[in-house]
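Below are two complexes that have chain A in common, paired first with chain B and then with chain C.
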Partner chain A sequence: MSVFLQGLYEGIINGSILALIAMGIALVWGVMNILSFSQGEFLMLGMFVSYYANRLLGLDPIVAMPLSALVLFVLGIIIYKLIIARALRGPILSQRLITFALSMVLVYSAQLFFGAEYKTLPNPVKFSGTIDLGFLTIAKQKLVPFLLALIVAGLLFWFLRYTRMGKAIQATSMDRYAAGLVGINPDRAYTISFALASAVAGAAGCALTYYYYLYPNVGATFQLWGFIAVAMGGFGSITGAFLSGLLMGIADTLTGLYVNTAIKYIGVCVVFLVAVSFRPKGIFGK
Partner chain B sequence: MLKVEHVKTGYDGVPVVHNASLQVEQGSIVALVGSNGSGKTSLLRAVTGALPIMRGDILYKGQSIAGVKSFKLVEMGISMVPEGRHLFGKMSVRDNLLMGAYSVRDKGEIEKRLQSIYKLLPRVEERQRQQADTLSGGEQQMVAIARGLMSKPELLILDEPSLGLMPKLVTEIFEFIQRIKDSGVTVIIVEQNAVATLEMSDYAYVMQNGETVLEGTGQALLADEQVKKAYLGG
Partner chain C sequence: MKKLSSKRYLLWAGILVILIVLPLLFNTAFSHHIMTMMCIWALLGMGWNFIGGYAGQISNGHAIYYAFGAYANAMLLQWFNLSPWIAMWVGCLLSAGIAFLIGKGLLRFRGHVFAIATMAVAECVRLIFINTKAVGGATGVYIFSAKLNPILYMQFSSTRTYVYLYMAIVVCVLLFVRWLNKTKFCYYLRAINGNETAAESAGINAANYKLLAYMLSAVIVSLAGSLYMQFMLYTDPSMILTSNISMMIVLVTVMGGVGTVYGPIIGAIVLTYISEYTRVYLSHYNGLDMVIYGVLVILIVLFIPDGLISIPGRIKRHRERRHTAGKEAPAK
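And then the complex of A and B:
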C-alpha cells in the first residue's frame, strides 16, 4: 500500500509540471488557436532564470519564482508583438507552425549563451528535507511543483472568470470580431494570454530545478507530454489540461513502478489512447 | 455627425466597395439599402474600423476616423450591431450585456444601464441567466441590439436587425429602433425589409455594386420608379 501511495504521490508531482505546461498550451489554443510549441522552451528558460538566481545570488527556486514568472511574462509580450502578431496576419500554416520555429530558435540561443552541458543548481537550497507521514515520505522540494500547479490553476480560473481582463480574454476567444465591437482591444487580450502562458511555464521551470537537471533541450519531452495532456483534456479546456497532466504523471510513474521503468511511457500512451477512443474530443472536450 | 467621403474598401487588397459616400445628421435614422452583395456590410465594417480604407475618408463629428480600431470607436460613441448577431455564445445573456459596457468602469453606472435595458426589453431580463447560444433567433437579435446599447452610443449602426425573424417580431424590432431614435441616438440601418425601413427613415441611400448610386428622403425613395423596380418588388 505505501509503495502504491508513494508512487501515486511521485506521479502527481511529475504530473504537476505537465499540468502547468498543458494549462499554458490550452490557454493559448483556446484564446487564439495557436499551437504553442514553445511552451517547453519557456519552461527551460524559467529553469535558467532559477539557475542564475541561485548561482549569482544564492537564491532558492521558490524565491526566484516571481522573478522567473516576470521575466517570462515580459518575454512573452515581446515574442507576441514581434513574432506571433505578425504570423496571425499570415496564412494558417504559418500561424500553426510559427511557435515551432520559435522553439528551435530558443533552444539554439540557450545553447549559445548558456552552454549545452547538463547543470544542476550550484548552491545548496534552503527549502529541503523530508516530511515523514509513516505511510508516505514527502520530499519538501517536490511539493513545490504540486502546490504551484494548484495555485496557478486556481488563479487562472479566478482571473478568467472574475476579472475585467479575464472576461475580455474569454469574450475575445469566443468571437474576436464582436470583442472589438464592444470595446475590447483583441490584440491586447491575445498578448496577455500568451504572456500569461509563458509566465506559468517560467514558474514551472523554476519549481523543476529543485530536483531536475537543466540543459537547452530539456523542454522537448515536457512539451510533448504537455501536448498529449491537452489533447486528452479536450483542446482549449484549462481544467481538462490540468487534470490530464496529473493523470499522465500518475500513469507514467505507476507503470514505471509496477511494470518496468524502461517502458513507463507506454502507460501514458495507453491512458491517452483509451481516453481518446472513448472520448475523441478529450475527457473535457465538448 | 458622420460623413463618408468616396470610400473604397475591401478584403485582402481586393476592393468590394469602390466609391461610397453618405452623410448622417445627428438625431436622424439613415437607411442603407441595396441587393445582396452590393457592399453594405463591407462599408459598415470600414466605418467601424474592421476593414482598411483604401481611398476616401470617414469623418465623425468633423474628425477623421479612418484607420481607427473598432474598440476605440466604442469609446468615441459609435456602436455597431453586426450582421449575424455575433453574441458571445458561451456566456449568459447578462454577461453579454455586461461585455457591451466594457468601456465603462463605474459599476453603479453599468448596473443602471442594465436596469434601463431590462425595462425596455423585459423579455431579455427573463432570459438573463440563459446561455446566449441557446436563445431563439429573435431573442438573440434583441440581446445583440441591447448589447450594442450598453455602451450608450451616440451613433448606433444596425446591420440587418430583422434577418430571419417572423413578421410580428420584425414589427417589434422596428418599433424598438424607433424608440431608440426618439431617445436621441442617431441610427444607421441596413435592411432587406426595404419598405418598412424607408418608411421609418429620415434619409436613405441605395447601394449597387459597391457604390452609393441613389439617395433621398425615405418617402422620396419609396416613390422612385427605379427603386420600386429593383427593391420593392415592382
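And then the complex of A and C:
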C-alpha cells in the first residue's frame, strides 16, 4: 500500500510538469489553432536559465523562477512577432512545420552556446530535504513542480476568466473576425497568449531542474507527452490539459512501477489511444 | 499539339541525359551519397504525399514504415538469408498490413488529434524496437558482409551503382504517381481533402479511400526504408525511428509542394542539398549546421507556403500583374 501511495505521489509530481507543458500547448492550440512544436524547447530554455542563475549567482531554481518566466515571456513575444504572426497567414500545415523548425533552431542553438553534455545544478540547493509521513516520503524539492502547477493553473484560469485581456483572448479564440469587430486587437491577444504559454513552460523548466538533468534535447519527450495530454484533455481545454497531464504522470509511473519501466511510456500511449477512441473530443471535452 | 508533345519528349530526354551524366560528372563518394539520399527522400516525400497531400490527413508518424522497410531487409537477411531484392517487397507487404491496422484505428481522428495519435504510435513502435533484442535493440543491426554476392544481395562496392539504381526506382515510382494522379483514386482523395462530408454525400467511401491512401503511402515509404538500409548497411532506432524523421518527411513534401506530383522531388533535392552541405561545411561548430538548416527551413516555409514548385507560377502572376498595371497606368 505504501509503495502504491509513493508511486501515486511520484506520478503526480511527474504529471505536474506534463500538466504545465500541456497547459501552454492547450493555450496556443485553443487560441490560434497551432500545434506548437516549440513548447518543449521553451521548457529546455527555462531549465538553462535556472542552471545559469544557479551557476553564476548561486540562486535556487525557485528564486530563479520569476526571472525564467520573464525571459521566456519576452522571448515568446519576440518569436511571435518575428515568425508566428507571419506564419498565421499561411496554411495550418506550414504553421506546424515552422514551429518544428523553430524548435530545431532552439535545440541546436542551445547546443552551440551551452554544449551538448548532460548537466545538473552545480551549486547545492537550499530548498531540499524530506518530510516523512510514515506511509509517504516527500522530497521537498519535488513539491515545487506540483505547487507550481496548481498556482499556474489557478492563475491562468483567473486570468482568462476575470481579466479584460483574458476575456479578449477567449473572444479571439472563439472568432477572430468577430473579436476584431468589437474592438479587440486579435494580434495582441495572440501575442499575449503565445508569450504566456512560453512563460509557463519556462517556469516549469525551472521547477524541473530540481531533480532532472538538462541537455539541449530534453524538451522533445516532454513535448510529446504534452501533446498527448492536450489531445486527451480535449480541444485546447486548459483544465482538461491540466487534469490529463496529471493523469498521464500517474499512468506512466504506475506502469513503470508494476509492469516494466521499459514500456511505461507505451502504457501512457495505450491509455491515450483508448481514451481518444471512446471520446474523440477528449476525456474532458464537451 | 504535336509540336508540344515533341517538345515534351525533348525535355524528358534532356532530364534523362542529365540523370545519367550527373553521377559521372560529380564522381566522388560524397556527391554520390547526396544523390542517393535525394532519391530516398524523394521516395519518402512521394509516399507521404498520398495521405498527407492528396487526402489531407497529416500523419506525423511515417518513420514507422521507414523503419519497417529497413528492418525487413536486415532481419530477413540475418534470419533467412533472404536477398534484399525479395525482402524489400516483403517489407512493403508488412508495412501495408501494419498500415491497415493502424489506419483502421487512427484515421477516424481529424486535424491535430490525428497528428498526435500517429506520433504516439510511432513513439510506441520506437520503444518496442529499442527494447526488442531480436532486432538488435538500441544498438541496431549491421548487415555488411564481404562474403555475399554483391549483385544478388544489393551490396555494391561502387556508390555510383546505388545512384543509378535508386534513380531508376524513383523514376518508376514517379511514373506510377503521375499515372495515379490522373485516376479517379486521386480525385476522390482530393475531394475528401476538400470536404469530407461533401465527398461522402457524393458517394465516395471516405474511410476506405483514406485507408487505401494510408496503406499506399506506407508501402512507398517502406520501399525507401529498404533502399536506405541497403545503402547504409547499418541502422538503429535513433537513426531511423525518431519523431524528427517523421517531421522531415512532412517537411520535404511541404517544401516542395504538397499534393503535387513533382513537389516532393524538388523538396527532397533542395532539402538534402542544404542539410548535407551545412553538415559538411559547418559541423566543426557544434550544432551550427542544424541552426542554419532550421533558419532556412523557416524562411522557405514562411515566404513560400505553397512550396518551391509554386515559384514559377508566382513569378508569372507577378509579371502579369505588372504588365496589366503598366497598361492601365497611362489610361488614367
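Assume the second predicted complex is superposed on the first by the 286 of 286 C-alpha atoms of A that agree within 3 Å, B and C clash if a C-alpha of one lies under 4 Å from a C-alpha of the other, contacts with A are read in each partner's own complex, and residues count from 1 in each chain.
Criterion: a residue touches a chain if its C-beta (ideal position, glycine included) is under 8 Å from a C-beta of that chain, and two chains touch if they have at least 3 such contacts.
Please read these numbers as outputs of a predicted model, since none were measured by experiment.
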Touching partner for A:29 - first (chain B), second (chain C), both, neither: second
Which of chain B and chain C A:184 touches, first, second, both or neither: first
More chain A residues in contact [chain B versus chain C]: C
Which superposed partner A:175 touches (first chain B, second chain C, both, neither): first
Touched partner set for A:109, first chain B, second chain C, both or neither: second
Partner chain in contact with A:97 - chain B first, chain C second, else both or neither: second
Common ground on chain A, meaning residues reached by chain C in one complex and by chain B in the other: none
Of chain A, residues touching chain B in the complex: 164, 167-168, 170-171, 174-175, 177-186
Footprint of chain A on chain B - complex, ascending: 48-50, 69-71, 74-75, 79-80, 82, 86-91, 95, 98-100, 102-103, 147-148, 150-151
Parts of chain A lying in touch with chain C, wherever the complex brings them together: 29, 35, 37, 83, 86-87, 89-91, 93-94, 96-98, 100-102, 104-105, 107-112, 115-116, 216, 220, 224, 227-228, 230-231, 262-263, 265-266, 269-270, 272-273, 276-277, 280
Residues on chain C engaged by chain A in the complex (per definition of touch): 52, 58, 105, 108-109, 112-113, 115-117, 119-121, 123-124, 127-128, 131, 243-244, 247, 250-251, 254, 258, 285-291, 293-295, 297-298, 301-302, 305
